[in-house]
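First chain A sits with chain B, and in the next complex the same chain sits with chain C.
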Partner chain A sequence: MLSQIFVNSIVAGAVYALLAFGFTITYGTLNFFNMAHGVAFTVGAYLCYVFRILLGLDLPWATVLAVFGTSLIMVAVDLLAYDRLRARRAPSWAMVVSSIGVAIFIEAVISLIFGSDTLSLRTGEVRPGIAVLGAIITETQIVILIVSVILVALLTLYLKMTRMGKALRAMANDPEIGVIIGIEPRLTYMTTFALASGLAAVAGCLVAFETDVYPTMGHSALLKSIVASIMGGVGNVGGAVFGGLFLAAAENFGVWKLSSSWQDGIALTLLLLFMLAQRSKSMLLGK
Partner chain B sequence: MDIVFHLVIMSGIYMILALSLNLLIGYAGLFSVGHGAFYGIGAYAAAILSTRYGLPFWLEIFAASAVAGLVGYVLGRPILRLRGDHLALATFGLAVIAFSIFTNWSDLTRGPLGIRGIPKVTIFAFALEPLWSYAVLVMACVAITLLFLWRMTHSPFGKVLEAIREDDVAALAIGKNITRFKVVAFVTSSCFAGLAGVLYAHYATYIDPSAFVTAESFLVFSMVIFGGMGSNLGSMVGAAVLVSLPELLRFVGLPGNIAAQMRDVIYGALIVIVINWRPQGLLGRARL
Partner chain C sequence: MKLSTIFASAFAIALAASQASADIKIGMTLPLTGYAASYGEDAKRGAELAIDQANAAGGAKGEKFQLLVEDDAGAGKTGVAATQKLVSIDKVPVIIGGMMSSVALPASPLARSSKVVYLSTMSSHPELTSPGGFIYRLAGSDAVIGVAEAQFMIEVLKSKTAVGLFATTDYGTINSKLVREAYEKAGGKWLAADQFKQGATDFRTQLVKLKEQNADTLFIVATHKEAAQLFRQMVELNWRPHVMGTSFLDDPSIFDLAGDAANGVYFATSAAPSTPESKKARADFEAAFKTKYGKDPGITARYFFDATRLAIDAIKAVGTDSAAIDKWIGAVKNYPGVTSPVSFTAIGDAIIPATIKKIENKKFVETGFTRNPN
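Right after this comes the complex of A and B.
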């Protein structure tokens, strides 16, 4: 029982980490809570469905195309929905409002195109999981783990080593000085959006293999990214990964004792407690 | 004709929600995207008080609003110290937690089954059975809400709220207890959201958690943004337009389920357009 909870926590934590990674770099560089982050997750899953089931591509190709497609769409959204606000130096809540609009819009468009029903990405029959140390783990879950670990490692290296990665971190640190030393702000913002939504799309595809695809699947993805990144200290990449794992563990151990429908309630209560605990340091007055 | 009264009633309920949220967003600068939580609390309080304890309507309407206000006080005290987008995130959290409680605390709320058989309103032996009479009651409540909020925002109290919105450090420096002002505004707003919940519960006669999802909070939020932050008239127009939109779309020939999704497409796009190109909304004052 305990080892099963452990396995479930690690797998869910890996997905949450991918989501929170994107949410947190968006907050770091663009300085707003992107309420449309969950929608990137949904778009990724639906594009995967389109490429895999409707066009019949192989799974890896379908996933890669879905991820790039999502990044492309979200960069376009960035130009349409946030660029003007940034140019006007609008306060961050205006960006939050705009992202709520984006989330509602894209979700409604998806249900207009595909209908509100659940779609399945599964083609073959369901294979039984493998028993490891008294816990059952499915092949998809192993893929989820491997992909997440590789991606998080690669992106951490990217942020640390490459020129663009350093530019992203510089803009997160101080946008004005970033511009003075010659960083092209728009390019860094677009890269951030592409990375963040690409990661969310990967998470969307991975979850879609395991469960199914439906228009509101992004809601809980958004919740998890918010909670995990706040717990890890928003803007902190390592913290996002830790937050994701911690959240998954808290949920899975909580569900052990309570009914599983309390999951979101548990997560958001944790969020409020963490926000109130952090407030005394950084949010007392001003940013 | 019934459809017109139905729209009047639903618009009225959302007008109360939008007006009370406007007090927070437009006047106090408190970005709450969790207004649906208090709407739901009011509705559940009304349902439970009337079906289990048989409270008369005139007493229950105060009791249920007070419950919403009390919860607003208990939650508002701690979270109102958060600012700007952090407050928005925390109130979003409240909406999710409220939904989770409505769904899971089965002993109190009967969970996903919902509460059935909420009685139609009777005021001093007058049964408000015909739809038009209920529409009159709802509109009377809208008028009371508007009057109350108008008086509140056009008083010295309202001026301090606006000062807090513009520059809370300055308000603090001239000796205003900003936390107290924020809490009073939050509690007032929660009470009126609760009132809207009461009206909804007695109109629908059946409530379940699906009426109080986070999307509901976003809907009210966008009514205020669309109507124009800080304009009471704007909030009312925003509520009426967004409530009537699906009916209008059905009227021009879209089937029901598509009309609902079309409304979401339109109002999602409206939010982005308004905040980017006309941040003062329909009738608000220019800012940003």
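Right after this comes the complex of A and C.
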């Protein structure tokens, strides 16, 4: 039973890590809490539904198109909603409020187009999972794990090695100096949005295959992104991955010993402890 | 005249016109957002069908009926605010609501204290109804349904041991408590229970915990959306006990959401219409619903259709005075509802037998097991 809970934690943690990774680079580079991050997850899942079920594409193609589609939409949102605020040097909270508006708007549009009903992406028959070391793992879960590990590794390399990756980190470090040394801020911001929402869309597609799609599915995704990012230290990419895994482990092992109704309580208690423990990077004390 | 003044006066005229044409208002609260939104949409279709049919037949003495729908999100706080608005701002004589006990429990006393009739549709919480009039429930009480569920588990499934898994809602808590009591009273052994938050999608850890108990039956209180995930995850974990659910599963969308994973699942729901009038009403309703919306109605559409039609017929008979409506509804005998014939007890509970159905290859199959109230 312990090994089963371990497997459940790792799989849930892989998805949280993808979400938190995107959330944290948005915070690092654009310096605001993107409350529309959960919506990118929902948009990704719905685009996957459109490409896979409505247009009948193969699974890998549907996912790739959904991810690029989500990135495009969210970059457009950036240009429409946040770019003007940045041009006016609006404070960070104005961006946060704007992103809440974006989240509500996009969710309403999804409800209008697809309705509030739950839609299912699964087409095949449900089969028993594979037994590994006393735990049962399904094929979808294995795919989730592999995709998450590869993506996190690739993105870490991208941030460390490429010119654009370095530019992103430079802007996160000090935007003014970044601009002085010749980094194009708009391009970096757009890249950040494309990356962050693309990652959320991957998570959305993976979850959509595992469970189902419905308009409010982004709510808990946003909550997990925030909690995992803060646990890892907001803006810290490695920390986000750790935060995601840690959060999932805490939730699943917590449920094992306590009643499941405590699941959110456990996550939020941990969050509080982490916020108290973190000093220099804590949002409470100012970055 | 300034442009804005013109707009303002045009708006005022339009508003006045719309109010003049809106005649008899019937209030309704439904979950249109949140975890139960898909039930709410189907329920709204049912209610709107009843309104359309009544208006096509000429309304009440030439006046049209209008449905004022508010979102209650399936949650107490939103439901109370929505009910409050219908009572004090719209001043409706009748409010139809209570798909969820979490809404019906706090909202119904509010309506009663303002002498507004509250027609609860599906809430089965035993504490909903009490002497004092104005509160009626169309669904059976859990005091009946819970017993039927437990007795079916013992008598038909020959269950010796059971575990429970339910949502942390008013409905989940009370229903599982009553089932557990009835199950233990009938000689079964209740080994363990666990909960989940409404709208959850990952039940694996709870399932692993419960699987360890090696019980022969699992009792669940989950919406069709939650149950679909739960059934699939049970297949994946290779755990196939008998499964008993509640009337939450009485909705054809479970077939597409859960697929074959739902095969063999039992659930309790209200028994099919027993009188000829009610049987005919059911057949007419199903045909009209399918023509209008292109799909089969679920249980929520049936209950909301019944409640709306009951309100319409009451207003047609006695007008919009809520005290008269209360009296009329309280006195109905075998009213031909599409769910089942409706008669109320002195405290406003519908007298509805409970039955157990089984999900088999994308169909609901009757087991023939029914229990009458008392």
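Structural remarks
In this section, the second predicted complex is superposed on the first by the 273 of 287 C-alpha atoms of A that agree within 3 Å, B and C clash if a C-alpha of one lies under 4 Å from a C-alpha of the other, contacts with A are read in each partner's own complex, and residues count from 1 in each chain.
Note that a residue touches a chain if its C-beta (ideal position, glycine included) is under 8 Å from a C-beta of that chain, and two chains touch if they have at least 3 such contacts.
The shown structure was predicted, so the numbers you read here are calculated from the model rather than taken from an experiment.
Three-chain overlay on chain A, with chain B and chain C in a clash.
In the overlay built on the shared chain, the residue A:94 is in contact with chain B alone; chain C does not reach it.
When both complexes are overlaid on chain A, the residue A:230 reaches chain B alone and has no touch with chain C.
In the superposition on chain A, contact is made by A:268 with chain B only, not with chain C. Contact with chain B, but none with chain C, is seen for A:84 once the two complexes are overlaid on the shared chain.
Of the two partner chains, both chain B and chain C are touched by A:116.
Within the superposed three-chain model, A:136 lies in touch with chain C and out of touch with chain B [touch as defined at top]. Applying the stated contact rule after C-alpha superposition, one finds that A:106 touches chain B and leaves chain C untouched. The partner of chain A that touches more of its residues, comparing chain B with chain C, is B. Stretch 202-210 of chain B is the one among 40-48, 58-66, 184-192 or 202-210 that clashes with chain C after the shared chain A is superposed.
Overlap of the chain B and chain C contact sets on chain A: residues 116, 259, 261, 264. The residues of chain A lying in touch with chain B in their complex are 32-33, 35, 80-81, 84-85, 88, 90-94, 96-98, 100-109, 111-112, 116, 219, 223, 226, 230, 259, 261-262, 264-265, 268-269, 271-272, 275-276, 279, 283-286. Interface residues of chain B, counted against chain A in their complex, comprise 31, 33, 78-79, 81-86, 88-90, 92-94, 96-97, 99-101, 103-104, 169, 214-215, 218, 221-222, 225, 257-258, 261-265, 267-272, 275-277, 279, 288. Looking at the complex, you find that chain C touches chain A at residues 32-35, 37-38, 40-41, 168, 194-197, 199, 201-202, 204-206, 208-209, 212, 225, 228-229, 231-232, 235-238, 253, 256-257, 259-261. Taken together, the chain A residues at the contact with chain C in this complex read 1, 4-5, 8, 12, 115-118, 120, 122, 125-129, 136, 138, 207, 211-212, 214-216, 252, 255-256, 259-261, 263-264.
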